[in-house]
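Next up: some structures, all given as structure tokens.
Below, chain A partners chain B and then partners chain C, in two separate complexes.
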Partner chain A sequence: MPFHLPLAELELGQHLYWRIGNLNLHGQVFLSSWIVIGVLLAFVVLGTRRMERDPRGAQNLLEFLWDYIRDLTRDQIGEKAYRDWIPFIGTLFLFIFVSNWGGALIPWKLVHLPSGELGAPTADSNTTIALALLVSLAYFYAGLSRKGLRFFEYYVDPIPMMVPFKLIEDFTRPLSLSMRLFGNIVADELVVAVLVFLVPLIVPLPVMFLGLFTSAIQALIFATLAAYYIGEAVHEYHH
Partner chain B sequence: MHSWLLLAEAAAPKGGLFDLDATLPLMAVQVVLLTFILNSLFFRPVGKAVEEREGYISTSRAQAKEKLAQAERLEAELKLQLVDARKQSQALIFQAEQEVERLFREALALAQAEANASREKSRLEVEAQKTKAFAGLDTQAEKLGALIVERLLAAK
Partner chain C sequence: MDSIVTAASVVSAGLAVGLGAIGSGIGQGTAAQGAVEGIARQPEAEGKIRGTLLLSLAFMESLTIYGLVVALVLLFANPFAG
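After this line comes the complex of A and B, so read on.
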């Protein structure tokens, strides 16, 4: 590239490899995820330090978040089983949300890595597939632990002919969950990077705001779908 | 400078957008751990606080409702009492008015009777004196007549 701006450099699919034994790790993903987790934990610890009945300061925001997550979970999973899944759904939502926004708002470019670059942890397919597989495990676990073998009646609902479709769904769900999140975040980062590369001033700003919007929406979609799948797994059929 | 970041960066794989490796399970473990940590640091305490407040609000609401109902009941009772008292007082007033009327009539009747009696008495007295006076007048007139007749006869 003859024209080289310090802030505009496109790197796709390059990773900072860590080698532990025989295993390869994407170092930049873990570094940024630790920052994201650190921010989350710091906020949570600060907000819950002095809990009072009349909330003050960060407690308000935390309670708002909790309320929001509870409503989301209750709407999708139903009154009976939603309680156990608040932490999981909430963690998914918060982790993805803070990851996405962190990827967009934290000036990662100021840190130079030998290879790859820091960014949203959710812009790495490993992360999104891990999250999606966790969701799969979660809804199988939810269904089996709550309904036992009756969980499988979901596959023959409403008619036994549905079995192949429902089986396929078990594979397409994690695929679509992970690829949707991954694609959106990567595409957003790419668009912003390309625009910054072309016009480094002002022009990328609307796209950046749009990116923030999609980031939040993606977190919400992921959490809602996860809750919906769990809700479907614990749903009681009355014939 | 970044040597600590390159934990033995030997034979780096080619990379790529869909380069799946041990990052995936480790990230999953990390997220599960985060779930448990957030559960104990965030979801449980905040949920407890919110639900305690909700409970507090609903019980105080129920209490307030109960108090309101009690107040309304008392108000109705007192209103009833008030109506009763008003009725009683009206009855009392009516009674007292009747009593006054009766006393007034009695007194009036008594006074009238007394007046009638004394008028009758004085009338009788006047009558008697009149008859007496008339009687005296008659005798005197007779006497005078006789005297006049006597004198006339004597003058002849």
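After this line comes the complex of A and C, so read on.
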């Protein structure tokens, strides 16, 4: 490239490694997710510090978000069990949403690392796989804690012949959840990087907006699917 | 890297995205058609239809994205690049 803009470059597979014992950690993912978590915490603490009867500013936005997440969770999990899962689904949604938008909007290139570069934490497959496995654990826990062993009647729901398919589904769910999020975010970053490489000015802008749009939708989809899986696990069958 | 492995990886990376895009392209077209027909018949349901359409479009798109993940693995993390 003839000159360097503060944008992401085509760098896949280069990481800032932190060694802890025998483990190689991707340091840039930790740094950027700590920034995301810090932003979220600061926003929530500021928004709830002086609560008023007529919400203004940050409190207003937080209440809107809470309503939104509550409606999403109630639609998917159902009236009876949704209250326990609002924090989990809300955390997933906000973390993924702020990571995706942070990766696109914050000029990470201004921060120089010894190797690799900062970016959206969700553009690393380790983050998304961890989130997807959390969702798996969550729906098993939801089903087992609410229905006990009757949770397993989900596997034989219409007819017992469904058992192998439902078992396979338990493995494909985290796989598709994690790869969908990871692929979409990496694809957005790559398309922007390729376009910036070809035409550095103005032309990448529409694609950047499309990227913002799809990353918001991906956060919504991840949260919706997590809530849907939990809702399926706690669903009561009436024979 | 072996040159034949390089060539095969590049070609199949292209095919993974290209062939994967066919299916989800057809699917997204059908879904958009249904949504437009629904809105034309019942314009007051536009908001609900739009939400459902966006969600299902993203599901279809993720199928192509799986192809893209395979292509990225072939290009940047090739397990056969001895």
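Throughout what follows, the second predicted complex is superposed on the first by the 231 of 239 C-alpha atoms of A that agree within 3 Å, B and C clash if a C-alpha of one lies under 4 Å from a C-alpha of the other, contacts with A are read in each partner's own complex, and residues count from 1 in each chain.
Just so it is clear, a contact is a pair of C-beta atoms (placed from the backbone, for glycine too) under 8 Å apart; a residue touches a chain by one contact, two chains touch by 3 or more.
Fair warning: this is a prediction, and the values are worked out from it, not measured in the lab.
For the composite obtained by overlaying on chain A, chain B and chain C can both be accommodated side by side without a clash. Once the two complexes are overlaid on the shared chain, A:N126 sits against chain B while remaining clear of chain C. Chain A has more of its residues touched by B than by the other of chain B and chain C. Using the contact criterion defined above for the overlaid structures, shared-chain residue A:S176 touches chain C, although it does not reach chain B. In the superposed model, A:A187 makes contact with chain C only, not with chain B.
Legend: residue contacts after superposition of the two complexes on their common chain; A:R53 is shown touching chain B, with no touch to chain C.
Contacts of A:G90 after superposition on the shared chain: chain B is touched, whereas chain C is not.
In the overlay built on the shared chain, the residue A:G27 is in contact with chain B alone; chain C does not reach it. Look at A:I221: by the touch rule set out above, it reaches chain C but stays clear of chain B. Figure legend note: chain B and chain C, brought together by superposition on chain A, show a least Cα distance of 5 Å.
When both complexes are aligned on chain A by C-alpha atoms, chain A residues 12-13, 186 touch chain B in the first and chain C in the second. Of all residues in chain A, only 12-13, 176, 179-180, 182-184, 186-187, 190, 214, 217-218, 220-221, 224 touch chain C in the complex they form.
Partner chain A is touched in their complex by these residues of chain C: 54-55, 58-59, 61-62, 65-66, 68-69, 72, 76-77.
Remark: chain A residues 12-20, 23-27, 29-31, 33, 37, 40-41, 44-45, 47-48, 51-53, 55, 59, 62-63, 66-67, 69-70, 86-88, 90-92, 94-95, 112-116, 121, 124-127, 129-131, 133-134, 186 touch chain B in the complex. On the chain B side of its complex with chain A, the touching residues are 2, 5-10, 12-13, 15-28, 30-32, 34-39, 41-43, 45-47, 49-50, 52-53, 56.
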